[in-house]
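Two complexes come next, and they have one chain in common, chain A, joined by chain B in the first and chain C in the second.
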Partner chain A sequence: MANESRLASWRRVVQENAPYLAIVIFLIVFPHLVGWITGDSPFGVGGRPRGQSVFWQSVLIEVFILTILTMSYNLIFGFTGVISFGHALFFGLGGYILGGALELVGLSPEVGLLAGVAVGVIVCGVLGFAMGLVTLRLRGVYFAIFTLAIAEMFFIYFGRLPLTNAEDGFSLNALPDLINPTRNRLTYYYLTLFFVVLTFVFIRRLMHSPTGKVMLAIRENEGRAQTIGFNTLRYKLLAISLSAMMASGAGMLHVILNKKVGPEILGVTYTVDPLLMTIIGGVGTFSGPIVGAAGLHLSERVLNRQFVIGPLTIDVGQNWSLILGLIFVLVVLVFPKGIIGTWTQWRTRRRSSIG
Partner chain B sequence: MSDVILEARRLRKQFGGLAAVDDVSLSIKRGSVHSIIGPNGAGKTTLFNLLTGTYKPTAGQVFFKGEDITHVPLHRRAHLGLGRSFQITNIFPNLTVLENVRLAAQAMSEVNFHLLRRADHFKSFIERAQQVLEWVGLADMAGLPATVLPHGGKRKLELAILLAPDPEVLLLDEPTAGMASEQVPELMATIQEVRRQGNKTIVLVEHNMNVVMNISDIITVMNLGKLLAEGTPAEVSANRTVQAVYLGELYTHTEG
Partner chain C sequence: MPQTRSTLMIVMALTLALLLFSFFTSRGDLGSFGTTILSGLFLGMLYFLVAAGLSIIFGLMDILNFAQGAYFMTGAYITFALFHLPAFQGVDANLRFPSAVAAATAVGALLGLLLERGLLRPLYARPIFQLVLTFGVAIIFGEALKAIWGTAAFSWSPINSFGIHQSGFEIFGRQFGTYRLFVIAVGLVLIVLIGLLLQRTRTGIIIRAGVEDSEMVQALGINVRAVFTMVFTLGCAVAAFGGAIAAPFLGANLGMGNAFLLPAIAVVVLGGLGSYMGTAIGSLLVGLAVAVVAKFSTEFLNQTVWSSITPMLLLILILLLRPSGLFGKESR
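Presenting the complex of A and B:
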């Protein structure tokens, strides 16, 4: 009896999440699919990480990392209503701490990895909390400005710090084999995919919990949330800490993929990208960050070449910021609530006008 | 003294050069309906904001059950049993009507920091929200986003959010503002019913004099931030100054 109902509830979970499961299954077979179509093994060609399958794995790993970063941004911006202009701080600091633990402290790769991840996640969580604590009591944009200032400060600081090789940064060579993307690209692909799924499931779970409901209430109307008895500061601090931890994780995955740590990971790109990706995908939606990150990053990678139209030669790579701006304006005009947000709205309207 | 539940002592709130509330002392008796009336800009809403903690006073104190709560923050006052509704509808626009009220019911509980349990696992808040929506007559709109409610519906929701946590003292700031007049008696009947069942204290700001004169035990009249008069409905309506400043003007308005 109990077994039966458990089975039924599993079936319901599968049915409700059918589109997501389909996407995950597709992403699991994807490297093999590309390998099968192009004839390049997903494990590389000639013992080296080369070939079409490996190339597309790298592109998707980048998408996965940006997706995690964007989902973390959406947690504060889309679900709690807190604007930050310094998300790169957590992304970059996570990367630096992990990189430092692996290369600068003299630990064995395995211990360095574990210590770096633990320390990086905790430091970023605490830093997010502390930054929120000093600015979030104030209304308005103080938190946003403060995060921007601190992120820029770290960017400049690490750009000059001799220990981390100033603006050249340092490379990561002491990686444990299992997560070494040059040796084991496919494993790293599945690892990042796993973290995307984990982050997605966690955020969705959180937003359906009593705590997440309060975060939504704060986004909707913080004053009223306080009046009915919520200490809104606590929930905002929690959201920022969790978000900072996730962003630091994304930064760690990023430095491992590139096997390099440098000040660019603290740069404004990693603040602007998740912001734009959230808005384009749909602020405060679950799948918006996925659509935004995949859409923008894939179009950058696919369009990244020269186009010749009659006498006109357009180098998309060089003008990517300009093109990104245009895409952004277009999407916001056509989909005022982002792609997923507008689509959901359209679907509910249609349903309610039929029903 | 123990029959006074909420008290303002020499409260004052200064906005630049304007004293919106100017040296106001007020005692609200437990179980009473205490109305605060006065012309636009008299300082009634500002007084509410001081009593509930939205604003910190420039001077003066607020006491609740004999304790000084002047420095107790807004959200803690809700837990003490102070609830208020707003003159200008103040809801969670993109959440459903049910969720608006469910949140208010959840606010008093210990479950707020469950991160991984589903909110609908905690059935009591949903049941409470449904019950309150029945009272105010919004039960069949529970699933709609709050923002699509017509104005009257939003006023009812405003009241439902106040009622859900079951506060001891209800501060109602023009609950019927902008409502169609045929809906007013129903809403006031709901408020009366809640009060009688739970032995609640009600502080009411209202421009509708029929409502005020019928429902109130005590009326306080304010003008330009100051207290003008206080007494039973009969005493206040017989008061010359009050007539001149507020009631007279009001009655000529309705006649003309």
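Presenting the complex of A and C:
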């Protein structure tokens, strides 16, 4: 009997998550599918990482990394209601610490990797905690100011630090073979995909736990959550530390993929991207960050060329950030719930009108 | 008011400490000391022009306008472009510059009006989105300037000079541009003018009352929304004006927005959010601090990075030590 009910509960889990499972299975097969259609092996052509399959793997790896970053941003902005204007700080700092452990300390690649990941995640978590501790007792805007200032400070500082080659940055050569994206692109693809799934499942578990419910309550009305007797500061600090750790992980995956560490990973792009992707995808939804990150990054890749409309020539690639900014303003004004939020709302309204 | 007196003591102590530090690190070279202080005042005035709008808008409308630095930058670009426009080269430079500044200020005002009326007004029920929106608008401004004028930094060449921009004077044997002194004077005049506007006019009284409690003002039958629009427009115009008069010395580049937004935020937090006197005094303090650190780090540490991150370090220090700022009320 016990076995049967366990089977039934598994079946229920599968049924409820059917769309997500389908996406994951599709993504697992995808490199082979592209390889089968185009004839380029997913392991590369002629022993080198070339061909259509490998190209699309790297595009999707970028999407996965941005998805993790955006999910981490959504945890504080979407679920807890805390705005940060310096998420690039954790992304970039994670990348710099991992890069430093691999290249500057003189450890063997395997030890350097483990040490860099451990130290980077912990440092970013502690930094997020400390930043929250200083400013979250004050009004919400102070945290936004503080994160913006510290991110900008690190960006300027690392841009001129001789140890890390200032604005040129340094490249990563001492990577363990297993995660070296030029040797084993497909392994790296599955690794990043695994981390996306892990982050997604973790955030969903968290938000369905009592702790997550308190975070949602803080977003809705912090004063009321306090009145009930919750120490709201503690929950906000937890959210920020977790988010900072995830963002640092995304930064590490990013520097390994590009095999380069430079100040641009601390730049405002990696603050603006997750912000836009969260809002466009859907603030405070589980699938919003995925839709936002995939939609924006893939459309950037696809639309990256010149369009000629009559006498006008519009270079979308050159002006992508401007276009993104305009889309962003439009979404905030017209669809503040983003793609997923608007869709859910529309669906429930239709269902209720039918039923 | 004992609280104000102790605050003034702190301000005086900080100023004195900065002056003494600068004096001793200039190693008896009065010229170097003098130019450091004057560049501090120059920077302080520019910070004030960005921070004034930031502070009053925040006090009144509870919006921290993260696009304020972008307005400054836009002012600088427009002034630079108009002054160097080939079509206007026939006009006398002494006339061309003020008209370019006036045009930049007008564009700043117009863009401010558009932002408040078109984008922020629909969002008063959702304050978090207002904050996010101003941040997004700052990005759009930067990207639009990049699309129009490219990424290269513009610097104002001496050939394209005009009246006071050409001349300099000596202070204990060191050269200092008269133009920067002119900016300091303009800044001081504006500090007094805006102060008078707030203290002596009916509009000013409404603004100050609105900072205290805007709902109460609304309840008394005054159209607070109209005052919001006016203050926002003026704040953006003043920031654009700041960029415009900074252009002959700083040129125009895409880093300017953040380079002035963050010090201005430091100023506003140091002065106390919403306090006008705090903003005026705070900008001079932050300007002095940046100039003194810049001088010290180039001479003794042989690095320029410290002066760029001074505003952020100051901001962090203030938030750690006295988050309510010098003249602020309790900041919760």
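Here is the rule we use: the second predicted complex is superposed on the first by the 343 of 355 C-alpha atoms of A that agree within 3 Å, B and C clash if a C-alpha of one lies under 4 Å from a C-alpha of the other, contacts with A are read in each partner's own complex, and residues count from 1 in each chain.
Keep this in mind: a residue touches a chain if its C-beta (ideal position, glycine included) is under 8 Å from a C-beta of that chain, and two chains touch if they have at least 3 such contacts.
Computed from a predicted structure; not experimentally measured.
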Mind checking the superposed model to see whether chain B and chain C fit together on chain A or clash? fit
Of the partners chain B and chain C, which touch A:149 in the superposed model: first, second, both, neither? second
A:223 in the overlay: touching chain B, chain C, both, or neither? Say first, second, both or neither. first
Three-chain overlay, vertex chain A: chain B-chain C angle, C-alpha, nearest 10 degrees: 70
Let me test your reading of the model: by the given contact rule, A:326 touches which partner, first (chain B), second (chain C), both or neither? second
Which partner does A:279 reach: the first (chain B), the second (chain C), both, or neither? second
Which of the two partners, first being chain B and second being chain C, lies in contact with A:106: first, second, both, or neither? neither
So which one touches more of the residues on chain A, chain B or chain C? C
Contacts for A:311 in the overlay, against chain B (first) and chain C (second): which applies, first, second, both or neither? neither
Touching partner for A:19 - first (chain B), second (chain C), both, neither: neither
CA minimum distance (chain B, chain C), superposed complexes, angstrom: 9
Could you list which residues of chain A make contact with chain B in one structure and with chain C in the other? none
What residues on chain C touch chain A, complex-wise? 64, 66, 119, 122-123, 126, 128-129, 131-133, 135-137, 139-140, 143-144, 146-147, 258, 262, 265-266, 269, 303-305, 308-309, 311-313, 315-316, 319-320, 323, 331-332
Applying the document's contact rule, which stretches of chain B touch chain A when the two form their complex? 52, 54, 73-76, 78-79, 83-84, 86, 90-95, 99, 102-104, 106-108, 111-120, 122, 161, 164-165
Residue numbers of chain A touching chain C in their complex, please. 81, 83, 85, 134-135, 137-142, 144-146, 148-150, 152-153, 156-157, 160-161, 268, 272, 275-276, 279, 318-319, 321-322, 325-326, 328-329, 332-333, 336
Chain A residues touching chain B in their complex are 205-206, 208-214, 216-217, 220-221, 223-232
